[in-house]
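The structure appears right after this line, and notes come after that.
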Amino acid sequence: MINKVATVFIWLLAIFVIAIFIFILSDIVIQGMGHISWEYLSQPPSDAGRAGGIAPIIVSTVWIVLSAVIFSAPFGLATAILLSEFTRQENSLSHWVEKCLDLLASIPSIVFGLFGNAFFSLFLGLGFSILSGGLTLACMVLPIFIRTTTEGLRAVPDDYRYSAAALGMTRYAALIHLIIPAAMPAIIAGLMLGIGRAMAETAALIFTSGYVDRMPDSVFDSGRALSIHIYDLSMNVAGGDSKAYAAALVLIVMLLVINSLAIRLTTHWQKNRIINHEIIF
Amino acid sequence: MKSFSKSHSRIAGVQTGQKQSSSIPYTVGPLESGPVCCIPESVFSIKHLSVHYAEKTALEDVSLDIYKGCITALIGPSGCGKTSFLSVLNRLTDMISGCRVSGQVTFNNRDLFDSELNLQHLRRQIGMVFQKPVPFPLSIRRNLELPLRELGMRQSSKLEHCIEAVLSDVGLWQEVKDRLDSPAHSLSGGQQQRLCIARALALKPEVLLMDEPCSALDPLSSGIVEDLIQKLKGRYTIVIVTHNLAQARRIANYAGFFWVNQQAGNLVEFGRCQQIFESPRHQLTAAYVNGNRG
Amino acid sequence: MASILSLSSTDQYLIIGLKLSALLVSGVVLLVFLFLLNESLPLLSQISIFQLFSDSSWHPVDGFYNLSPMLTATLLSTMGALLVATPLGISSAVFSRYYAPAFLKNGYRRLIELLAGIPSVVYGFWGLTTLAPLLATFHPPGVSLLTAILILALMILPTIALTADAAFLGVPTVYYSSAAALGLSRWRVIKDIVLPAARAGIFSGLMLAAGRAIGETMAVLMVAGNVVQFPTSAFDSVRTLTANIALEMAYAMGNHRSALFVSGLVLMMMVSVLVGLTEYFKRYKQ
């Protein structure tokens, strides 16, 4: 009897959860759809964003995210390689690194905003700029990227490492030619996840990359990210709601595309792993 | 004496890589002499070797010599440390965390564990074939090219020649010459193992270590690989771990019998193959080779 | 016996480079802490820590630095969000793994994964334009602690559901099948066998979600009302520590700015405690 009640209850809750999310998404799609057009995507905003488009904002967002990735990817990859390939010999270092990454991952985004402001904007003198924002986001994105990449590298079978060593290849050569290519889907998935996180970020950017909504001249210029545009339109601009819906729709679509790519790559990688283990005789 | 020096020079000729015409396969030629060809010159000299892992001891106090040009079979049941023994010989144990090796091992009269030793050079002189065929997730051509490029061979004509020669030696050339760029994983198990042997041979090692190379293969492929190993006798020093006693009997010159004693593997008896199988000195050896134990 | 000298020089340089990189990366968290501390010092050197909790109010311009109303708002909104999201999240995970028909299983989980990627500013925006007015019809002003709790719950629900799902994946299927073979009904199996076995994973997921709720800025900024006061009911407007930083940072100077960095430090300490708790339980449970 209780089994049936439980089943009904669980189904209801599941439907309730899905209903809420569908409600939210459709609300945004319906209200934002009307404003999306080619002009919207290619024109600068006017009238404090109540009219016009979001072209410079998209450009700023892309530059901010790109600088975040450019700065976090090499260090993230190197750290992931250390954690997965050389952990066995250096136990205490990798333990310490992992703990630091856990702490880093838990820091709230506004605290990163404070840090970015104090360090990148003031101490390093970058001021309100795309570079400030990008560097701050790089710090935020590191733990996610490292975690996914480390897992991907660890999933490459040890047999390859032993075989490569037995053939007199250096660990470096084995990494470059064999192991990193084999783990590439996971690495890219990690990058995508990092990009998704960076694009969704608002609080860390308010005091690092700024509010200016015209087309940035360089990475040292201030730029407004899409998420900040949504915030500004809804909180600070009277009557900005309808444009905010449009911007929110654009942001969600971009994120959906990136996150689906990441998920698709991860499942593809996991499937390939299985093929690697089952050699067909 | 004459045939002795002649076979010696043949081996020396192969190792310096003398150019032979392309019609003759380049590492394997007509066999100079019969199974008792071995020059009792020691390539490896192992004294009181012990291998400890974090949780257990794999090998305790093993002493034996590996002789040049001969096939040495390591026999005994699973878990006796035979694979660990093999891993010591090309210092693959360096890569295993928590592994401690004690004792004295010399290779060509030099200390194997000398810190001045160039590990990459050593591992090219000592090739290894694993139990499960491990072709890299690359094309057949890339599988063979990769270690050769690392060796320093860059000219594509030399690479092509080497790949063709070594694939002919293992009998794969006719089977794969039209699809060198297809993934190595598309080959059958037996073909993959032969590819791995070819990959190891391409570096022109002195020694080949083989860890149960046929155990993961079907009987037909197993037979082909075994014939290949037979062809390599006299030209290479081979150490082969095998569970297949009949196989050991067929191909080996020397045999070492391992057993577990107090949770650690040790060497019970070592000697000429004929002696181990027909007149073993140890009771345990006799029981094992006759199928009464293990 | 093996020495690092046997490694080729390429490998030696590689290892050095990798270690330097790792040190740099782990240094970031230290850097964050140091700079926060540095910016907090001007205030901390002038007032005692007690003032942060005992001053009459939060009026930094006049020299009053009581963080407690905002701290309370943070804690209440987090706990409320956990209360609401935990049953929903766990039951979503239970649904997708044990109740959903085959064609829905992956789709449901995929949907939750995609929802985890929706930015907080979009949730806040929706809350401001739709949820708040809706709640306002019941009890004005729509922007309140309750709104914040509901929006936060929505945001942490995917986290809880996905970690619970991963925890269920870790429960050996043999538990489930042997219990079912004993004739236990599906609900009994889940309640008495699977949930307890997945307890550790679910708990660390809850800690993760709590950390996320504590650190959430934009969504609560947009829907909580932003009045600095102790809430007497769920319908009161409140301001969390995070929202406070975002609001005042633009014009804060001197000690005021320092005070904001101090609240940043407080936030960092709170989440560090959560991380520590998770670590402790992970090791204790092992």
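Letters are used for the chains, namely A, B and C, taken in the order the chains are written, and counting of residues starts over at 1 for each.
What we mean here is this: a residue touches a chain if its C-beta (ideal position, glycine included) is under 8 Å from a C-beta of that chain, and two chains touch if they have at least 3 such contacts.
All figures in this text were calculated on a predicted structure; none of them were measured in a lab.
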(message) Mean of the CA atoms for each chain, then the mean for all of them together: which chain is nearest?
(response) A
(message) Using the touch rule stated at the top, which two chains are linked by the largest number of C-beta contacts?
(response) A-C
(message) Centroid of chain A to centroid of chain B, CA atoms only: how many Å?
(response) 49
(request) Let me have the rounded angstrom distance from the C-alpha centre of chain A over to the C-alpha centre of chain C, please. (result) 17
(message) Suppose each chain is reduced to the average of its Cα coordinates; what separation in Å results between chain B and chain C?
(response) 56
(message) By the touch rule stated above, which residues of chain B touch at least two different other chains?
(response) 119-120
(message) Where in chain C do residues touch two or more of the other chains?
(response) 7-8
(message) I need the residues of chain A touching at least two other chains; which ones are they?
(response) 170, 173
(request) Spell out the residues on chain A that touch chain B in their complex, using ranges where they run on. (result) 88-89, 159-170, 173, 177-178, 181-182, 275-276, 279-281
(request) Write out the stretch or stretches of chain A touching chain C in their complex. (result) 2-3, 6-7, 9-11, 13-14, 16-18, 20-21, 24, 27-28, 74-76, 78-79, 81-83, 86, 90, 93-94, 96-97, 99-104, 106-115, 117-119, 123, 139, 142, 146, 170-173, 175, 196, 199-203, 206-207, 227-228, 230-231, 234-235, 241, 244-245, 248, 251-252, 255-256, 259-260, 263
(message) Touching residues of chain B toward chain A in the complex: what are they?
(response) 90, 92, 95-98, 119-124, 127-128, 130, 132-134, 136-138, 146-147, 150-151, 185, 188-189, 192, 196, 199-200, 203, 216-218
(message) So in the complex, the part of chain B that touches chain C is made up of which residues?
(response) 91, 93-94, 100-102, 113, 115-120
(request) State the interface residues of chain C toward chain A in the complex, per the touch definition above. (result) 7-8, 10-11, 14-15, 17-19, 21-22, 24-32, 35-36, 38-39, 87-88, 91-92, 94-96, 99-100, 108, 110-111, 113-115, 117-126, 128-130, 154, 157, 185-188, 191, 211, 214-218, 221-222, 242, 245-246, 249-250, 260-261, 264, 267-268, 271-272, 274-275, 279
